[in-house]
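The two complexes that follow have chain A in common; it is paired with chain B in the first and with chain C in the second.
Entry: the complex of A and B
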């Protein structure tokens, strides 16, 4: 029997992860990226990197421009840092959207069963049967530059909003399936029967019993799919469907790729390294989180 | 609830014998049927029914214990859950203190749940792993708005004490406890609403033998102190012998024998009961009784054998057993002792 006060699963998971140096190192990297993104957002003390100086384009590394300048004479280092902002906001919003849709649909399908379950299963099976990147492109293509009015608000889906929506609307399938299966497993357990015998309402069973018991899966999926959303944003932008008006890593790779033949490698490399480091950190952290929250899932990919 | 067949309730002589056996019931169950449809094919047509409970009658004595015994799959758990309306009944009537439960509306049934609770077999899955012990035990009080704040905390502490657990445990999570302790937590939750009837669904089957007696003693003490009535479901006649006042033996969704506990053990009148009793180990090493080995498996409740459902496995079976369905009828012995057998007297 452990110590006097017992911890809930989140505190327990944190304790487990605290002991792993690599995990804590990756967490530090993630925090650093978030810090940089916030810095780019607020703009406080952020240099005027984007005032292109065409007389000084495609420069090499120097004290003034640590990573040199691109074809328009913009500073590559700060361009990369600014790209963090787009990458993290797109991934956060998309992952949140996917998590909400996946959790709600998965729980509802698993809990109520019957025709509701059939409908939701049919919907995600259909989405899952279309190759991911094609579906994403189709969504992004359709949503791009759409205008609509909702509750008196006027929306225009500029590049970045279309990417949020496209990613969020296609990304919930895996989580939905996972949650549905898990809810079905829990639904017939005795503690749910006990709750019914007590007279607990359906909504309380959903929110106090079922969702807390599957919520670690939402967190794990969120952290592991985050990398995927960063990549997807880069790919979409590279294909010309994503963010065109804001500096982002995808745009850097797109622009930098064309300059590579002329020997200007800094822009492409800077974006690739930035993506590599955050991908690596998120992967390691997500795996550690999964192992800490749900040891039974160890070694399984999501 | 789908009415499969309109049948007169509490008819026939069996109801009289039940009244003779249990004159002052807290719960009466009459002709209870729970059938699960078996659906096949694209159109999900109902092709058959699993008759998990097929016409069961009994009374639970007030302030005493009715034992419901049978093999796995005989429908005893379904009986318990159907009574509490956790599974919809196909037909029949259940009265709690003369209130017909199946006719209550949602809100009325919810209030009625205060009077009857359930304890489960599996101490692992019966407690929500994401709630603290205090939240689990306090949940019934909170849901029914019977206590809140510091009053709730006090009630939870006294409930934990009542079942022999330290009140400090209320901040811990279920996985930190042993099977016996978890079962005590489950009992505390069932007691929270101060029910009159508790359905004990094999509450000791998953526990070590030494822990079993502790839990049984606790349940016995609670019965004496609070005047509880139990419907005690078990597959082990030895466990039931000293704990129950009246015992009903179930086979394939029906009751095949019912008598007061002492009478049933001394004078079993149904071959199935005899076989179950012969399987129980004897405390006296020298005394060896003849063991009756049941042949074959329990038949599928989807397709029960014709005639007496037990006849393919019975050691006393005669040709007429395959043709005629026996009804519960009085047998030699104490008043109210009934069994459904064509052969025994």
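Entry: the complex of A and C
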């Protein structure tokens, strides 16, 4: 019973991780960030930080504004907290999109083989031959403010949607390769051969047997690639390809960088530290998750 | 060996076709006719038609099979898809819409400053990363190793962009050790002054990831059976490390040296823009600002070409170092 075994696998991994104090501490930080993002989303009890007050711009730290104000007189602390929202949504949506594309293409390629496999391998080898940042820039540049008419629906890819799409469409390559390799390994194992012999259908083999057995790879890649998407948002925003209308950490670093020369360090520092803490927590947590679920992956550069 | 090299080179052809197809889909098929955007609202129709013709957007996007039925091969071949392939493979990228300058010339001019940053960064980073990884392997599990692991993770977590900004502010502006930005108009010893800070910042920022990676490689190798055998027969630790571990770790190191290259692209993009160095990265960042798509198109292809060449060279080196490869 594959599903039974995979359930135990998750429980076992959790048990292993729960014993590591640092991992649990990092998990607490991640939960805290998610909580702050949800708080910014709902807006319940969230202060009016973005009412700019030009008479009080670029102030230092005070009781009213703990981290001071930026050039428009907005509170930096709450700007940073609000930025959590954009960072986490961008990373979540992009990582989900990449995970779905990578899983589907990887399993299909590995399972069916033949010409389909050749085509998918060709596609990801091509994408992997373009340096990531160039590919990401090209996608983000082309998709930005792009208008689509799809099946009678009219789409306009405003800032953040273009970022989701660009990150998701370029980020699936590693996972696809990993899953394809793993599926090929599983495809000829006895339990799949046995399932075939008793006449289990292809789709059932895929969804009941193969995907549960490679799903830990999706989770590991998801958690380890999450940091990359947060950092990518900053770089895209700096290059003018990212989110412009919502406060994000990328925007804060871009604006704060210009203010630094005048000695106003708070905005840049706040955004940098916010990114730094969540990245560190995600790195540690992702590594622990990988070691708990599949220690063999450690050496494969994942 | 020759057979392997030829096979490896032939394998590049479908990849190159794929890359050109992707640039075509992005910059021609999806983004569509940019004439109106470039010409502006006040342009006359004649000017727009002229510009459209110049950019090749007056042709149909895909091959017209109706022309083939009529037996008109010239009309069949004259479409954006075929022209894009022809132009890309002959390295004829047209003109920048912003500067009305040949892109090939711009790439040639930008390559020098970019290489002036990337070659030193690459060499220094590789040397430091492998040295620190060796120290970790020597001291594995002890306090220094753990400290380096923690530090490299901290380094990886700090946003690169903020690191550059802080570095420039404190080292160049506050302390005045380096020029804030700029690049001399002639290549000479003066370049060193301007390149130093970007190289230092780029190397430090990339150190964390590199050390982490090479440390794993070294530790994997130092857990291998032959190392245990060497220790068991009484070979000293230094000799084990240099004669056995480093020598064998060179194989994965050679194959993975290439993984730095995409990071160099990112580094040059942000560093050049921030330090006013007129290289390819700054050129691309500016092209994004000005919606100068021919430049982005050209750079995507040229960048992939460089990366691909590096991948081939490493694969061939790998095959030469490791006799097992040719058996595949």
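Everything below uses one rule, namely that the second predicted complex is superposed on the first by the 287 of 302 C-alpha atoms of A that agree within 3 Å, B and C clash if a C-alpha of one lies under 4 Å from a C-alpha of the other, contacts with A are read in each partner's own complex, and residues count from 1 in each chain.
In the analysis below, a residue touches a chain if its C-beta (ideal position, glycine included) is under 8 Å from a C-beta of that chain, and two chains touch if they have at least 3 such contacts.
The structure presented is a predicted model; accordingly, all values stated were derived computationally and were not measured.
In the superposition on chain A, A:284 makes contact with chain C only, not with chain B. By the touch criterion defined above, A:39 lies against neither chain B nor chain C after alignment on the C-alpha atoms of chain A.
Between chain B and chain C, more residues of chain A are touched by C. Legend: residue contacts after superposition of the two complexes on their common chain; A:146 is shown touching chain C, with no touch to chain B.
Of the two partner chains placed around the shared chain by superposition, chain C is the only one that A:231 touches, whereas chain B remains out of contact. No residue of chain A lies at the contact with chain B in one complex and also at the contact with chain C in the other. For chain A in complex with chain B, the touching residues are 1-2, 4-6, 8-9, 189-191, 193-201, 204, 208-209, 212-213. Those residues of chain B lying in contact with chain A across their complex are 81, 84, 86, 109-111, 113-114, 117-118, 120-122, 125-131, 139-140, 143-144, 168, 171-173, 176, 186, 189, 193. Partner chain A is touched in their complex by these residues of chain C: 14-15, 18-19, 21-23, 26-27, 30-31, 153-154, 156-163, 165-166, 169, 173, 213, 216-217, 220, 256, 259, 261-262, 265-266, 269-270, 284-285, 288-289, 291, 293, 296-297, 299-300, 303-304, 307-308, 311. Interface residues of chain A, counted against chain C in their complex, comprise 122-123, 125-127, 129-135, 137-139, 141-143, 146, 227, 231, 234-235, 238-241, 249, 253, 256-257, 260-261, 268, 271-272, 275-277, 279-280, 283-284, 298-299, 301.
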